[in-house]
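Across the two complexes that follow, chain A remains constant while its partner is chain B and subsequently chain C.
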Partner chain A sequence: MTLDPEMAEIAKVFFQESREGLDVMESGLLSLDATADTENINTIFRAAHSIKGGSATFGFVEVADFTHGVETLLDQMRNGVRPVTPEAIQTLLQACDCLREMVAATEAEKPLDKDRIAALNADITHILGEPVHQAPTPGAHQGASDAGAVDNARPGIAALNQHSGWRIAFEPVADLLRVRNEPTRMFAELEGMGAFTARADVSRLPPLDELDPETCYLSWNIEIAGEIPRARLDEVFDWVDSRCRLEIVPIGDSAAAAAEPAGNAAPHPPGAASADARSAAAEAQRGPAIAAAPAQKAAGESGSIRVATEKVDNIINLVGELLITQSMLSGFADGIDPDDLDRLRQGLSQLARNTRELQESVMQIRMLPISFAFNRFPRIVHDLSRKLGKKVELKLSGEGTELDKTVLEKISDPLVHLVRNALDHGLESPDRRLAAGKQETGTIELAAFHEGGNIIIEVRDDGAGLNKPKILQKARERALIAADMDLSDEQIDNLIFMPGFSTAEQVSDVSGRGVGMDVVRRNINDLGGHVQISSKEGLGSTIRIRLPLTLAILDGQLVRVGKEVYVISLLAIVETIQVGRERVNTLAGRTEVFRLRDEYLPVIKLCDQFGVEPDSRSATDGLLVVVEADGKRAGVLVDELLAQQQVVIKSLESNFKPVSGIAGATILGDGTVALIIDVPDFIREAVKRSGAVNAHAA
Partner chain B sequence: MAKRILAVDDSASMRQMVLFTLQGAGYEVLQACDGVEALGMARASTVDLVLTDVHMPRMDGITLVRELRTLPNYKFVPMLILTTESSQQKKMDGKSAGATGWIVKPFNPPQLLATVARVI
Partner chain C sequence: MSTAKAAAADKSATETSEQYLTFMLAGEEYGVDILRVQEIKGWDKVTRIPHTPDYVLGVINLRGAVVPILDLRRRFGLETIVFGPTTVVIVVRVMSGLTERTVGMVVDAVSEVYNVDAADTKPPPDVCGSVDTVFVKALATVEEKMLILLDIDRLIGNSIADGLAPGVAAA
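Moving on, here comes the complex of A and B:
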């Protein structure tokens, strides 16, 4: 199927829309229970209906045909003639999966999985084949395209076509004009088919002063010559066939005229009756059609526009530039004549405010509710709990909490991993829960909320909690910690995030999958976030993820080394200290470490890394900014702490090339470029160089 | 002056398809994504034709047609419903609400233009 370029563009929208529709269907199906909330089924039905309509329009026949069965089933459910059973829901969920793949395959122009489609189609047909509350529905399973064909082509009429013309008696109801069915337009269409004459019957026309201009008083006798298929005539009168007395007879065949009387009492034109009766009968089987669906607000409807991320990023960049210009002007204002200064300052502070507001609202464009990530979970938990034979209730809260699109996309997989883990390892089986005096059904909660400029996502379960002795034992076996190291409960729990902790023992079909908790932590750290777990034996575990609101702006601490200014993320900074000589040691004659309470931390010297001339070369002379990443700490030696401010992150990668140890750059108010320190990268390097630190500390 | 058409559909792809087809044929097109929005737009300005989908959130197409017919400006404006259902019932519902006619989905651009040309 090839579409012309414009239609192909529109088809892209259709694919995107179908995926969203399938999400709506899925979440709707998951919340359906035996009581079958009509509004919910209506929403699911509408989604299926749109996919069917769109796919048929764009010529994706397989998708349209398949969706037709799904739609028929949903239609019966919403009309109450088909019970909503768990089996039917399961089948519909599988149909959603199948459709998702069909849509993806169609978009990628890859072949469809015909066996799977056929198998599911058979399942749906099977359900549709079971007796409904009324009689079975003949013909309810036609494809959408031939349903249209039935209507237009009106099969079974072809035999009547061999005539020299048609005689038509057309007597519309009085209010025909009120719905704008114009006889003149219809006649114009007929005229295009063959030699056409119409004689108006004016006998019902009242005197002029009684004439209502909105009423149709006329009727017509029409003759049209030529071998015109009856279907074409029916098409012309299709819209008015319930609003007129209509007789269409072949010229020279008066017997047929007598045999086929028609009028207001029989709303279908002769000949068309068979087809109409069929579809009307099919409709009747579905029960009373809902003419006016109740006004309702479907999920995820927020009057949104779809904008390419690239365009938004471009705007964000420009706003960033504006911010820089503004702070440059502010700096400039400090050095001019005091007399003009007040007005200039006033203007500048207004500019500052406007710029900030503009930036905030532009950033908002990138923000999406976390429900985009949360919405996958009802399905995942549904499927997984069936597989594991566990009973689970999933609670979601704070779905409306917004975060940056990129953060959202990247947090999704780690979250899936955490939830799978909670279900697989955290929650106990129903009998073990009962034995422990708990409710048979376990709970998994996913919560998102704001906390101090960050987003917090928590994954909580009320399962068994972590087995601390076992974790400790395993960590010692693997030499992740020293044998005699004393750890707090919290420290023990967080050992599961250590690289190399995930073990074969843990791997199962459900979690495991070769992705350990260390990968989860690394992914979260890459987003500038932080993850922690706490658990109570027998009561469950809570995993807490802290994420920055956005990746485009950083709360930074400006630091000076010699003449250079660097930026360190405030999130990474634990504290800043000055140390005395007695707390500093030199390892292997080169690497300096310092003691911070009970810990020895490596010193990172930016001056050596970047080859700048500092005021202070030794850890004892300058300031040590203690930073933390991946649970490891180090001290960054700087000469001076400058301001804390929000900086706009400029990618070094796209403007220059990737440099290890540098996360990006920003432009300061005075126009100079400041490099943003990649703390995790530095710490990894520093810890590697001072590999003996832990041993030393022990 | 170009004829103005109000196209109402909750599906963006269908709206775009209709928009692309009608604009290509020189019509001016207003778009709405459901009955409520369409009604608001219809109150604010007049159009020469309303094309509406049936199944939509908030307000469906049949109700929209019925509501529009009560507005003085829309008494004689042609209104077509887009329906995937070939069922007589939906069409009759549409007719009794005041629709001029219907287009059965799926339709291709020439079919849409031909149908529109029947009323304006």
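Moving on, here comes the complex of A and C:
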């Protein structure tokens, strides 16, 4: 199916909306497990209906037909005709998956998985208790299956009617064409349904010299013959119903319908006698249901706008500039005529406040609630617990906590991994839980909250906890730690983040292949975050992820070495100390180490690493900034600590290339560029380098 | 850029000719395609970048963008001089791989804008002064002078890629 470029553009929106709709359906279906409340089914139904309507509009016949079956089933559930069974929910969930694939395939213009569609269609039809029939094609939408599927989604629209035809009065608002609706396209679709006649009302047409080609002056009276379900007509007008006056009446029934007062029992339209009485009654209660109501917002609509990330990034850049200008001006203020100084200072402080506020609100655009990542979990846990035969309750909290879109996207996969692990390894099977005197149903909690300038995400389970002796044994077996090393409980727990570590007794297809936790940790570290696990035997484990709010701005500590200024992320800094001579020792005559409480840390001289001329090369003269990354600590020798400030991260790569040990650059208040140190890489580099220096010591 | 363009407009351009901005480097005159030149600015302090070859002087803030500055003398292995009042940075746009980058080149002085007719250019000989001939697009004769027309995509692209190898960085 190829669409013209304009339609393709709109179709893109449809694909995106369909995916959102499917998410809504899925989360709705999952919560149906517990309660079969009508509002919930309604929400699911509406989502399905929009997908059906949209796909039909774009001519994605397979998607529309498939959704049609789903919609029918949902409608029956909603009306209480069909019980909500776990099997039906499972089938519907599978249908969601299938639809998601169909949407993806349609978007990519790839062939659909016809067998799967047919199989699921058969399942649905089976549930519907009807003889298996081929997926209905447009124009053949009559028959029993339609009886329940007619559009009940929007109050104010009649239920089903089947009769000799419809009379439609269609009077669009003047700007119909400007919003890219095309009546002829709609008419073409109507024409496909039955004998179609349209008379245009040209009475509003102005003289030619006053005519604005983009204004719609016409209105139409349309008659269409044939037994066409009302829902099919509504679909055609679905896109324009807020932009027109629309009356749809069955032929031969217009007088009756129009005269019918609200709330009275409706005289059935011809042909409707066979219809579901419930629908007819519902129609009556809603009144004549003639003029189309403005499209009702589906429940759960977030009122959000779609903005291209690129545009937002642009604004963020600009605001960054503004901030720089402002700090540049503040710098000037120190050296001008004292009389004007006060006024200037006042103005500047206002500018500072404005820019800060602007920056915050612009940053907000990029922020999304973490529910975008959390929403996948009910389904994952649902599927996985079935597969593993475990009983699990998933608790989510803090779904509204917002974080940067990029961080959000990158944290999803690690989170999935952690939750799977918790389910697979953490939680015990029901009988083991009972034997241990616990409730049969295990709990997995996903919580997100703010702490300081960070977001904390916790994955908690009330399972068996980590088996510390086993971890220790395994770590020793694999020589990950020295055989005689003494570790605290916390240190043992965190061994599971070492590369090549998995204690799963049985490798399942869920987890346990030994790649995993180290990847999780690396991904989180790449985001500038930190992950930690703590567990109590028999009581469960808690994995705590600390993430920065955003990747575009960093809380930095400015440090000076000689004439150069560098930025170190505050997240990486443990503390800053001045050490006495007695605490500094030399190893093998080269590497300096210093004692910090009970551990020895290497001294990394920033000046040597980056080849700059420092004030002093002695570890005792300067300051040691103790940094931590990947569980390694080191003291970085600098000459002076300067201010702490938020810096806007600029990429070095866009015009240059990645440089080891450098995460990026930023522009300081005086307009100069300062490099931001990539702490994990910096430490790695330093270790490598000290080896290299030792090797060709000259 | 605007002055360069204005100067260029005075000269009549023919169909086959291209305009080149020329600059001086150790007494030789080099040319770059003027359409690649974004601006010419005075030499200013740079922020040094570690682990890079010596001809990468550092980066500057060019209206919010972090732009690397290369010293062409060092790049070509010429003797270095103290930057003087005529020392300028020519900011050019180059294609490096699939991305366009903005890079500054430090040269001794800017010289002229010439129309160079394709007929007046010759392929570079195997030996071409101090410059590696892979970076030379052609030699041109204008007003009895020889211009060395540079292939800046290759020159800058290579210069940036060179530093990628850790061995070079450590040297």
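Here, the second predicted complex is superposed on the first by the 495 of 698 C-alpha atoms of A that agree within 3 Å, B and C clash if a C-alpha of one lies under 4 Å from a C-alpha of the other, contacts with A are read in each partner's own complex, and residues count from 1 in each chain.
The working rule: a residue touches a chain if its C-beta (ideal position, glycine included) is under 8 Å from a C-beta of that chain, and two chains touch if they have at least 3 such contacts.
All values derive from a computational prediction rather than experimental measurement.
*Asks:* Per the contact definition in the header, classify A:A482: touching chain B only (first), chain C only (second), both, or neither.
*Replies:* So A:A482 meets neither chain B nor chain C here.
*Asks:* Counting only touches as set out at the top, which of chain B and chain C does A:V673 meet: first, second, both, neither?
*Replies:* second
*Asks:* In the overlay, work out which of chain B or chain C sits against more residues of chain A.
*Replies:* B
*Asks:* Using the touch definition from the top, say if A:F45 reaches chain B (first), chain C (second), both or neither.
*Replies:* After superposition on chain A, A:F45 lies in contact with chain B alone.
*Asks:* So, A:A118: does it touch chain B (first), chain C (second), both, or neither?
*Replies:* neither
*Asks:* May I ask you to decide whether A:I336 touches chain B, chain C, both, or neither, giving the answer as first, second, both or neither?
*Replies:* It touches nothing on chain B or chain C.
*Asks:* Tell me the contact category for A:A436 with respect to chain B and chain C: first, second, both or neither.
*Replies:* neither
*Asks:* Which parts of chain A are in contact with chain B and also with chain C?
*Replies:* Shared contact residues on chain A (touching chain B in one complex, chain C in the other): none at all.
*Asks:* For the complex, give me every residue of chain A touching chain B.
*Replies:* Touch list, chain A to chain B: 6-7, 9-11, 13-14, 17, 43, 45-46, 49-50, 52-54, 56-59, 64, 144-145, 147-148, 150-152, 177-182, 185, 189, 238-239, 242-243, 267-268, 276, 279-280, 282-284, 289, 291-293, 295-298, 301, 306.
*Asks:* Residues of chain B touching chain A in their complex?
*Replies:* Residues 10-14, 16-17, 20, 36, 53, 55-60, 62-63, 69, 75-79, 82, 84-90, 92-93, 95, 97-102, 104-108, 118-119.
*Asks:* Which chain C residues qualify as touching chain A in the complex?
*Replies:* 45-52, 58-61, 63-68, 99, 101-103, 160-161, 163-164, 166, 169-170
*Asks:* Once bound in the complex, which stretches of chain A touch chain C?
*Replies:* 317, 320-321, 324, 564, 609-612, 650-652, 654-657, 659-662, 665, 667, 671-675, 689, 692
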